[in-house]
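Several structures are given next for inspection.
Both complexes below contain chain A, partnered by chain B and then by chain C.
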Partner chain A sequence: MKVAKKILGVAVGALLLGSVPAMAETIKVGIIGPFSGPFALQGKNFQAGVEAYMALNGKSVKGHEIEVIYRDLPAANPAQSRALAQELIVKDKVQYLGGVYFTPDAMAITPLLKQANTPLVIFNAATSAIMTQSPFVVRTSFTTAQTTTPLGKIAVERGVKKVISAVSDYGPGVDAENAFKKAFEAAGGKVVEAVRMPLNTTDFSPIMQRVRDSGAEAVFAFLPSGPTTLGFVKAYNETGLKQAGIKFFAPGDLTQESDLPALGDAALGLLTTFHYSVSHDSPENKRFVEAATKAIGSVEQLSFPAVGAFDGMHVIYKMIEATDGKQDAQKAVDAVKGMAWTSPRGPVSIDAETRHITENIYLREVAKGPDGKTYNKEIQTFPNQKDPGLATQ
Partner chain B sequence: MQTALSIAIDAFAYGMALFIICIGLSLTMGLMRVVNLAHGAFAMIAGYIASYAARDLGLGYAVAIFLAIIGTIVISIPLERLLYRRIYGSPELTQVLMTIGITFCVIGITNYFFGPTLKTIPLPGSLTQPVDVGFRTIAGHRLFVVACGLVVAGGLWFLIERTSFGIKLRATVDNAAMADALGVRTQVVYAISFAIAIGLAALGGVVGAEFLPIEPYYALRYMVTFLVVVSVGGAGSILGAVVACLLLGAVDTTGRYLMPEFGNFFFYAAVIAIVCVFPRGFFGRAQ
Partner chain C sequence: MQVAAQTPEIATSSSAGYRWARDAVGVTLILAAGLAGYWLFPDNLALLTRVIAVALLVLSIDLVTGYGGVATLGQAALFGAGAYAAGIACVNGVTEPLTLILIGAVAGAVAGLFMGTIMLRAHGLAQLVLSIAIVQLFHEAANKASAYTGGSDGLAGLMVSPLFGAFEFDLWGRTAYLFGLALLIVVFASLRFIVSSPFGMLCRGIKEDPVRIRAMGAFVFPVLLKMFVISGAVAGIGGALAAISTQVVGLDSVSFELSANALVMLVLGGLGTLYGALVGTVIFMGFEHVVSAINPFHWMTMVGALLIGVVLAAPGGLSGLLDRMSGISRRRKEKRT
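Let's look at the complex of A and B:
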């Protein structure tokens, strides 16, 4: 009992200490991401984005030194995510939380934010609903609905009337299926069949047979990046669907730059929509790619989470500037509402109502560059896209 | 009808790819009584070697396969001498713990040296061409995989049933002490069988890479599938492994075509049913 009281005392003391405003001392930012395990590359991209931003913009704001603390969360694990966030808040006394790759992890952190008086800037987790969980969440990535919706119009414009959708059977896959169906049918097309594939599918030829039998003119696909995407795209080529003229539409997760070398020529001609490609032609992006490549080691490993982290740090810097180093989540979040800037991905802004990023969505075609390497060539721009998932709520 | 044929041919190719990878594991488990969970790790090592040889050094596909098999066996020799030799005849738990440890080490090392991204093994032009088989096209390498599977099955059957090495191997498996007493050098027999099993894992890893792409978590991702195939077929039985691979490949492929949203339900339902009726697998020996 005595021991319990003592521990309680220490805990309360720690909390009290945590709420004392910092006077021009180091401001800590806690970043949670997958830095090891199967998704380590995405975590590395978080880190590269953060380091690139700090290299280009300095390590302090208004005289407040900024220290970044990384915490490793190898796979989606809400309980551990919450524990890590708690530890960062109580023990490390961070003023800002950032990162988070998977939606369930973000969902687990949101209930802590109000009590901890800490804003969370999401660098990736892409489900619309996260934003409604807490007023202290700001997001600088994208949602699947946001990147997918323009595809509906594109497909119809390219003369496609009947589409079969094939998505991996998990949250983001279902999101993509619904977003595409809604946009495509609004534009006058018809989704003739919707196939949900188990996540651990390795041989996709039976799915391709389904596509062929459905009589659709195009296939809309969504799969998590990595081995499954590779298998799917290969099967699409090898079963002769490509030669048969069946078109292939997908959100850009499928052709992210770090996967392109493995996909090779099989990916040529795939049409994807996304908010960022490493090859985006702008001076901001050149600067970013250069700095981020230095941080990550090789440009081939660079992909979209890095830009989410880069802009996330931009938002956090702005918050620190607005609060002048004091811990005030409400003031910090208010300061970035409506904020607009030019990101490496193009012009962006934080929507004042939803706190989600408004950005251009690009239609890209996988093409071969002069150096023989494949890249995502931007061929059409859909400016200032909000998240349709949130707009309808 | 055309659809059924088409699914059948896909199932056959997938089953054969599984067979080439799993038969080595079936041999180690059935003949040497070692539960080698690191089997997939050796297949993965071979995949990395082949990818390096073919992609970075620009060598031909056949050369890459050859280098991968030799390289993987060379890597496995010190492991056999220093680690595996200690666990022949140990309780299964010891074997499982050690081999899964090896698996994690291999994952960590490959992740460190080759990075977490996918590695492909470029195929020669003749294998990437879709081949017209009358009612549809099928990728050339799938036919190649089927051919490899048939050659491996036939070759192994001949080796174990028809050669003097096969006789010694079977004698060692049945009663190592007696075989030793009769002048069979059981240590050598074990070493050679281990090398053959690893070589087959390597071959499977390389030619099966189009089905199961090479990345650091390969060794863990497909471990359960490999173990299931071996236990359904009956450890140590070549015919059993062939039947298990073809049957499970067919169930999996058909289920995936008809009702993809059911996921692996049909696969595991079939496994449960088979193991209920044949607790030792189709052709497992009583122990």
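Let's look at the complex of A and C:
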């Protein structure tokens, strides 16, 4: 059987060597994301954003052909993430790494960057701490604290003094709870009770009872998108909390566009804050949505990771332009520090200190469009929000 | 619990000398295959290191399932215990790699003692369900204790010092791979020794017929518990190796998915031979790697097809099939082909 193992080794080797080395002036970009499994839609959005950018801006920079290599990482798995990144760097000789949906996966890649002389442009992974792990990381997404913080002020402005927070008991949920509490109490409100729900909760009526009993005027919620959010929103409607005038605040992850059809009319009137809505009214966004829809197949599947990827590619193109095709991570990252441009989501810039994106956060209300479909309607803008989780706020 | 359709016959006829020679050849071949991997795929060493870490996990399942007859879907609890113990120790200043491996092994063994004590109280399906419950508990504990484990963000910032003060764990992963290979060889050789000892024979006897073993006057529970502790140490070494080479420990290392995948690899390779565990891991992960690179969007289908194919064509796992093909199976009574 050992012989067979060797034969297999040779066979695998032949397959691996089969990938033809590209021509000298081609610059390779490795994109790691969840392209299969339960998060495949988010990966597809990465791909749509990348393809949309390349369709609108050409496939070469200063005569350097750009080749994108996708690698699948279906769920958070740091060991696999590191192996994929290492292989992209060492074997495929990529000059830039991009993508990354989950925080632990990004954490596993950061120790490689210095030695590899490769910048990493994060399209999604949203924990503040990643940025401090390596000076070669740039991020074009958002952090939960960044999108949640404006809600504190909004709640107080709308006359809410007492809020109960209900979050799923996992990393991002706890981050959201803390960020909201900090912002809301700074604005003069009070979080009367903080409920942490197990991730796989499906029956939310006891939670709704606690909301009612707490005497709060509003509920702040954070749950992973998908069926759990659906269940929570339905329970909120059906137990009469909505009719009783208890307001509902949440970060925009809950009403991302790809989930809206499933939420249906139950979502109407929900107030969320986020950095991007597919409905954002600007010529840049119109072009983006058109190109990305072509790449992904249907506009209903489009949501925020696509815009993270789109702007991520913009950053990578600017890096290539600055280094003229030479591999120089420091020069590439320096070139985009402080860079400002108009993204489909609105005006954005890369903070020179933190390398995290500074962007507008919008308050949106789920409304019904003329075509009968629900969408996120932007009703208030909080310009140039930095990540409060990073030092230089 | 009887999990395999076939029951490998205990090789009573082979003399001790023959067994020694065969094991020596086997270990040499693993070493040769490992070194060949080093030369053939110098750009894939991170993947190969991951294969070794998972191979240790699969070996540990083989010990309790293939030799002890206890089916488990929760072995990642032991792997994760090793990984988190090594990770937490490393973050707190213990950075010497061999010490970290030792910490991982001890943590895995302790977790194995705990898991075995609980699981061996039940039999059959209840046992399997307990194993799932335990791995979920470990997972939730690691998630909750985010002050120590980093929760769902993962435990990052492991700065392992160079091996023997000279060989750094770097981008190319040469040190990590050779270190892992050396660990695998040592562990494998020790395990061959253990499973062919009277203790190993007793375990196999229990797997075949626990009532009879009891009637012979041996105690079943402590024997299997001992196997669980050994298995835990092996899984813990795998976890510690993963932590050292990745420099991050994530919740996936204590997940049900990892446990289930590892069991699939074992079944693919063949139960109760130790070699099968290695073959299964290499083939499963190698295949997964190749097809996911060719088509990152629909590769899962291919893996599913491979599994169905293997289960239909070789119910005893690949190593069983290869045994038959190479004629080593002469001394085996095949109940069916």
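Side notes on the structure shown:
To be clear about the criterion, the second predicted complex is superposed on the first by the 366 of 393 C-alpha atoms of A that agree within 3 Å, B and C clash if a C-alpha of one lies under 4 Å from a C-alpha of the other, contacts with A are read in each partner's own complex, and residues count from 1 in each chain.
In this text, a contact is a pair of C-beta atoms (placed from the backbone, for glycine too) under 8 Å apart; a residue touches a chain by one contact, two chains touch by 3 or more.
No experiment lies behind these values; they were computed from the predicted model shown.
Between chain B and chain C, it is C that contacts the larger number of residues in chain A.
By the touch criterion defined above, A:Glu238 reaches chain B but does not reach chain C.
Judged by the touch definition given at the top, the superposed model places A:Pro261 against chain B, while chain C stays out of reach.
Under the contact criterion defined above, the residues of chain A that touch both chain B in one complex and chain C in the other are 40, 169.
Chain C meets chain A in the complex at residues 26, 29-30, 32-33, 36-37, 40-41, 43-47, 49-50, 53, 143-144, 146, 150-154, 156-157, 170-173, 242, 245-253, 257, 275, 278-279, 282-283, 286, 290, 292-293, 296-300, 318-319, 322-323, 326. Residue ranges of chain A in contact with chain C, taken from their complex: 1-6, 8-10, 12-13, 15-16, 19, 35-37, 40, 43, 70-72, 74-80, 82-83, 86-87, 89-91, 103-104, 107-108, 110-112, 115-116, 127, 129, 133, 169-172, 174. Residue ranges of chain B in contact with chain A, taken from their complex: 3, 6-7, 10, 14, 111, 115-120, 122, 130, 136-139, 142, 210-213, 215-217, 221-222, 252-254, 256-257, 260-264.
Chain A meets chain B in the complex at residues 38-41, 169, 195-203, 205-207, 209-210, 213, 226-227, 230-231, 234, 238-240, 243, 258-259, 261-262, 264, 300-301.
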